[in-house]
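Labels run A, B, C and D following the written order; every chain starts at residue 1.
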Amino acid sequence: MTVLQIIFLGISVIIVIGALMTVSSPNLVHAALWLILALAGVAAIFVLLEASFLAVVQVAVYIDAISILIVIAVMLTRRAMGETERQINRSWLLAAFAAFMVFSGILSLFSQVPQLANTPSDLVESSEFYIQELGKALVNVDQSIIPFEVASVLLLAAMIGAIFIARPPERAGGDS
Amino acid sequence: MHEPWIFIAFLIPLGIILPATAIGLNRLLAPRKPNPIKQSTYECGMETVGDTWVQLKGQYYIFGLIFLIFDIEAVFLFPWAVAYQQLQLYMVLEGIFFILLLAGGLLYAWRRGALEWV
Amino acid sequence: MGDPFTLIADFLRDLLLGFGLDPGLTTAILKFVGAAVTATIALTLTFFTIWLERKLIARFQDRLGPNRVGPYGLFQTVADFAKLLTKEVLVPEGADRSVFMIAPLLVVMSVVGLWAVVPFAPTLFGSDINVGVLYLVSIGSVGTLGIMMAGLSSNNKYALLGAFRTVAMMLSYAVPMILTLLIPTMLAGSMGLTKIVEAQNPVWFVILSPIAAFIFYISSLAEVGRTPFDLMEAESEIVAGFHIEYSGISFGMFFVAEFLHAFTIAVLTVTLFFGGWQGPGAEAFPILGFVYFLIKTAILYFVIIWIRATFPRLRIDTINSISWKILTPLALAAVIFTAIIDKLTPGDGWARVPLHLAGSVILIGLTLIAFRAYARSIRKQSEGSGKSLAQTSEAGS
Amino acid sequence: MIPLSWYLILAASIFCIGLYGVLARRNAIAILMGIELMLNAVNINLVAFWRYLTPSIINGQVFAIIVFAVAASEVAVGLALIISIYRRKTTVAVEEINLMKW
């Protein structure tokens, strides 16, 4: 066991606990906070994978923006479902079984991946280089320019659509 | 390349542990005599009325939403900015086109009155 | 002689290696010592900055300020800390106990974490990660989460309202802040803070893009919630905001975080826009660079206190309007201007200053024209409908 | 060093926990949280494959960023829909939202 392996196992335990509490906690605010813990663990995993840019982006996007949005939405809809109400539906056993079957299915697929026991080769370039490459790839006509511009259209559509949907109905005259 | 992160991996837990130590010291030093009056909700001496979970206004969601979209935009633009010195002019213009589309979104929100705090 | 930092680090490293320790372990121990020193210095510094701020504010208001404990009242904060330490921490009834206790820790963590990447001198920095700028954004915003947790767990409707108002404000101001951070990144060609400081060798970025520096400074002030933006503790409206139910040292932690964050803003603005440790002779003698850094930081910190002593609190709708309708469009325009101008002007150093400055002047001029047109439309509206000016401006644009 | 399989197992377990959340929870927001977990599992896989198999081609990270954008749009629109439904029907339980069923 090397130090890196121990760190990886520690982070994995945190992520899995966070994920399990997210799906099982009856209090939705707590579920959101556990989700944040799991997502922070994923950021640490990105650091281990030497994708430092994605690690900080994970924190900036998921922890600072998405999870806060989720908590706001929980607060806005808090009156609809109290903690006392059933949080899981009738077929939850079936759901657990399905999830377990998918998990074992994925595990059984691993035997077909030849590089499974690979350990990473050292990155040849400086870490600065990879961010520059990423930036160039995003605007290069031969590489990912289409996803880049499509993403901007997608974000624009999401923003317009979400504002359109989420605005309070006019007749109600404000719901503060 | 993990090396610069070691410092951060130490500093962030320390940032939690040091204040936690202060709070732990407080546990040792401070008196603890809770009573119902002391623990009641503080509203400058008034009795609290109604449920704590007041209905918040939907405007909070709109602000969070626009913030989220701009956050993602920044994620796309930061690698572009890092590579900026090595880009051709047309590549820079593509980035600017990206910004302008999002600015259009902001303009839409403004026009719809979604930025008003009423 | 001029570089005590490397000297100390090398001495410690040799000492540990002399004990026969593994080199990897030695690095880890050194990093740990560095982190512990950084965190301790940062938190101890607040004792001083709180005293300084109280003293300065008092002078601004023609008072004496703390002057009883120690020379010039220097130990006033220590006494306050001792008092807070021996006060009972109350947990209100119906509060979410664990979340309630974790919230202040997160807020402190987010501020202390910012210090990890700041280069204080050419040879004195915690860690030189290549994504420093985004790291600042992401760690700094974790404080928002802490405030939200404080409000959610207090079981008090004013705490909840205060927390959500603060969160709305912080989210609003994070947008222009992130956008302006693109400008130093673009000019330096890197997100690492040491590289950004090095890229400011002849010309500071504040000269190339004064608008960006201004927006960054203002929006980080709003992130902390200093006085023109101190909605979170608008005691006339929402009792005391998100920390209403906190007492004793738990409250003290919010207090520490706020004051340390105010100082950290000065540190970050100096690093990103005012050349960091740059100055004559700084590269040869790192300790000189550290002195320059401290002087610049002290000046900017003084300006923060000055602003606090001068401006009254803004109204919540005005605050959010400033961010969305002025700072964000301005930041977008500044990014576009800088991107185009810097591509068109070849050359380094002072050669690219005139065009950049011209761009800034044009942008400021356009902003002023837009303000003028807006003010005129408001005036026309009020004349047309016969309403008073105050009523129309309250109704919004 | 950590073998690739460790990352894949971690990602698979997060994915399946998220899947359970999506299938079993009644609250629509909790379902969205499950989806977020699943997307994160996918991201771990993408980055792990980039790091272990093709570190010289940056496309793995480009994919991951696109996943971020998709996740953000999905959360933004999804939560807006949930809030809108809550306003009209005062419910966030998915089996009570059956307006489009017939």
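Rule of thumb we're sticking to: contacts are C-beta pairs under 8 Å (C-beta built on N, C-alpha and C of every residue); 3 or more make two chains touch, one makes a residue touch a chain.
Since this is a predicted model, take the numbers as computed values, not measurements.
Note on interfaces B-D and A-B: more C-beta pairs are in contact across A-B. Using CA-based centroids throughout, the chain positioned farthest away from chain A is C.
Central chain assignment: B. Criterion: smallest distance from chain C-alpha mean to the mean of all protein C-alpha atoms. Annotation: 21 Å between the Cα-based centres of chain B and chain D. Chain centres here are Cα averages; for chain A and chain B they lie 17 Å apart. Centroids built from CA atoms put chain C at 14 Å from chain B. Centre-to-centre separation of chain A and chain D, using mean CA positions: 6 Å. Chain D has residues 65, 68-69, 72, 75-76, 79-80, 83 in contact with two or more other chains. For chain C, the set of residues that touch two or more other chains comprises 129, 134-135, 137, 139, 160, 164, 167, 171, 174, 190-191. Shared interface positions of chain A, i.e. residues touching 2 or more other chains, are given as 4, 48, 50, 52-53, 57, 60-61, 64-66, 68-69, 72-73, 75-76, 79, 123, 127-128, 131, 133-134, 138, 151, 155, 158-159, 162-163, 166, 168, 175.
Which chains touch which is summed up as A-B, A-C, A-D, B-C, B-D. Interface residues of chain C, counted against chain B in their complex, comprise 27-28, 31-32, 34-36, 38-40, 43, 84-94, 101, 104-106, 108-113, 115-117, 126-129, 133-135, 137, 139, 155-158, 160-161, 164, 167-168, 171-172, 174-175, 178-179, 181-182, 185-186, 189-191, 239, 244-245, 248-250, 252-253, 256, 316-317, 320-321, 324-325, 328-329, 332, 335-336, 339-340, 342-343, 396-397.
Residues 3-8, 10-12, 14-16, 18-20, 22-23, 25-27, 29-34, 36, 38-44, 48, 50-54, 56, 59-60, 63-64, 66-67, 70-71, 74, 77-78, 81-87, 89, 92, 95-96, 99-100, 102-103, 106, 110, 115-118 of chain B touch chain C in their complex. Within the complex, the chain C residues that touch chain A are 24, 96, 99, 129-131, 134-135, 137-139, 141-142, 144-145, 148-149, 152, 160, 164, 167, 171, 174, 190-192, 195. Looking at the complex, you find that chain A touches chain B at residues 4, 47-48, 50, 52-53, 57, 60-61, 64-66, 68-69, 72-73, 75-76, 78-79, 123, 127-128, 131-136, 138-140, 145, 148-149, 151-153, 155-156, 158-160, 162-164, 166-168, 174-176.
Contact residues on chain D toward chain A in their complex (touch as defined above): 1-10, 12-21, 23-27, 29-30, 32-34, 36-37, 40, 43-44, 47-48, 50-53, 55-56, 58-59, 61-62, 64-66, 68-73, 75-77, 79-84, 86-88, 90-95.
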